[in-house]
Amino acid sequence: MASPSQAELAKSLAMAQQELDYRVDLFNRMTSSCFEKCMDRRYKDGELNVGEHSCVDRCCAKYWQVTGIVGQMLGAQGQGM
Amino acid sequence: MNSAMEGMEDLPEAQRNALLQKIEELQVRDSLRTYNSVVERCFVDCVSSFRSKNLDSTEERCVTYVLRKVFEACARVGMRFGEMSSQSEQQMQQ
Amino acid sequence: MASPSQAELAKSLAMAQQELDYRVDLFNRMTSSCFEKCMDRRYKDGELNVGEHSCVDRCCAKYWQVTGIVGQMLGAQGQGM
Amino acid sequence: MNSAMEGMEDLPEAQRNALLQKIEELQVRDSLRTYNSVVERCFVDCVSSFRSKNLDSTEERCVTYVLRKVFEACARVGMRFGEMSSQSEQQMQQ
Amino acid sequence: MNSAMEGMEDLPEAQRNALLQKIEELQVRDSLRTYNSVVERCFVDCVSSFRSKNLDSTEERCVTYVLRKVFEACARVGMRFGEMSSQSEQQMQQ
Amino acid sequence: MASPSQAELAKSLAMAQQELDYRVDLFNRMTSSCFEKCMDRRYKDGELNVGEHSCVDRCCAKYWQVTGIVGQMLGAQGQGM
């Protein structure tokens, strides 16, 4: 196979960057939103209790579903994007 | 802030293409961030019960409403933004 | 006209990037601020009503004026910046 | 969103290294931003008196609690995120 | 975090210039973002009526007050930040 | 001394960028957090009063201590980082 040109490399690098950037941004927003929604802000100890654990799980699942609905409505191809 | 774009016609083709590609990349990046911020707004404003791991019908409907409102607002701000930008540029050229 | 050097190209690219970055950031902040200020957060339907429409228009105008005042006070040349 | 990574094996070694190094840089940058955002959350949620310039013991304890909770939540979201990502990819391949 | 800057004297001039130019670009970018965030704070804290499309005198005055307070606070934080940074570096060298 | 290679230059540039990025981000968060915590939001005039001045000073000191605790718990080497 022919080695990719400089321009092709630059493009694939840019795409990889964008993909990473997108995923990190999504993860960070999911984490902070679910922290806001699920944590008891009095912070009586340093562990998640049972309720907080299951809240975080469900929160992630619902957040993911919202990305799906938005993605569909935007006509984006694929689920995760 | 316009000098960079105005100089573009003077660039040789290869360099102009490099510049345009970079700008296109930035636009993709920005639209992905916008997508994420819209998702976040829909989620934060519409979802507040975590007894189930699936969205209920009220939450789903809310998400679609917020989304449509965001788009409409965004388009409207875009129009105003464009008008005000070009007015400012005209004033600067006088 | 002499073709621009690599360094000049890099500089004009950097300026174009900054310009775009600045405008996108301004637009995003204007949009989210005006959404916060103008929308009825009960979201009873999926369209802006008459009041929300004119609120968004006025909000944009006022936001723009604030950028002007801040720009003037910072001694920046030009209105939009 | 996976095409960029999937094409990586086809790149010559020098170029693959350049790409991997760039990705590593982005990861360092992201982890520094995460660090700053965790600090900000701990500060905002735990510190609200400014009669002294030193943290009191209640504030210090709060900071460690928030930090541990943030990590636990972050790890949990990370697990769910990974599961949901691979499920989506599987569905797309069908 | 200081190793990158400390190595700078060892770089040949052309490369040092490239590095310095990149840093200057980042500073321009950061100051434009700061400008936008200051505008946003002034707007959010000072404007809440949308019966007219022009700022009234109370809103204008508020914007100038916030702006001056932001600058003063920013300068003060900058001084403290500098002091604390250099103290930390001294402690690290001991 | 041998001149650094292109790859070494790129690496040191990347590190300098990251360092700057980190410091700017920290400074911005400290400034906005302390503004939120210390300012009287009625904005009766355009200067910080005595209370706001000393609040900002203490706020910075406490913010810095929080970065220290978080840094230590993350096992990061060094104080400022």
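Order of writing sets the chain letters: A, B, C, D, E and F. Residues in each chain are counted from 1.
Here, a residue touches a chain if its C-beta (ideal position, glycine included) is under 8 Å from a C-beta of that chain, and two chains touch if they have at least 3 such contacts.
Listed by chain with UniProt protein names: A, C, F = Mitochondrial import inner membrane translocase subunit.
Please read all numbers here as calculations on a predicted model, not as lab measurements.
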Task: Third chains touching both chain E and chain D - done: F
TODO: Report which interface contains more C-beta contacts, comparing D-F against B-C.
DONE: B-C
Task: Fitting chain A to chain F on CA atoms, where both chains share a sequence, rotation angle to nearest 5 degrees - done: 120
- [ ] If we define chain centres by averaging CA atoms, which chain lands farthest from chain D? Would you check?
- [x] C
Open item on the list: Nearest whole angstrom, what separates the Cα centre of chain B from the Cα centre of chain D?
Closed with: 24
TODO: Quick one: report the Å distance separating chain C from chain E, using the average Cα coordinate of each chain.
DONE: 19
Open item on the list: For chain B versus chain F, what separation do you get between their C-alpha means, in angstrom?
Closed with: 29
Open item on the list: Can you pull out the residues of chain C that are in contact with at least two other chains?
Closed with: 18, 21-22, 38, 57, 61
- [ ] Identify all positions of chain D at which a residue touches two or more other chains, and write them in rising order.
- [x] 37, 46, 64, 67
Task: Pairwise touch network: line, ring, star, complete, or other - done: ring
Task: Successive chains around the closed ring, taking chain C as origin and chain E next - done: C, E, F, D, A, B
Task: Contact footprint of chain B on chain A as seen in their complex - done: 10-11, 14, 17-18, 21-22, 25-26, 29, 33, 36-38, 54-55, 57-59, 61-63, 65-67, 69-71, 73-74, 76
Open item on the list: Residue numbers of chain D touching chain F in their complex, please.
Closed with: 21, 25, 28-29, 32-33, 35-40, 42-44, 46-48, 50-55, 59-60, 63-64, 67
Open item on the list: Considering only the defined contacts, which chain A positions touch chain D in the complex?
Closed with: 1, 3-4, 9, 12-13, 15-24, 27-28, 30-32, 34-35, 38-39, 41, 43-48, 52-53, 56-57, 60-61, 64, 78-81
Task: For the chain E and chain F complex, residues of the former touching the latter - done: 1-5, 7-8, 10-12, 15, 18-19, 22-23, 26-27, 30, 34, 37, 41, 45-46, 62, 64-70, 72-74, 76-78, 80-81, 84-85, 88-89, 91-92
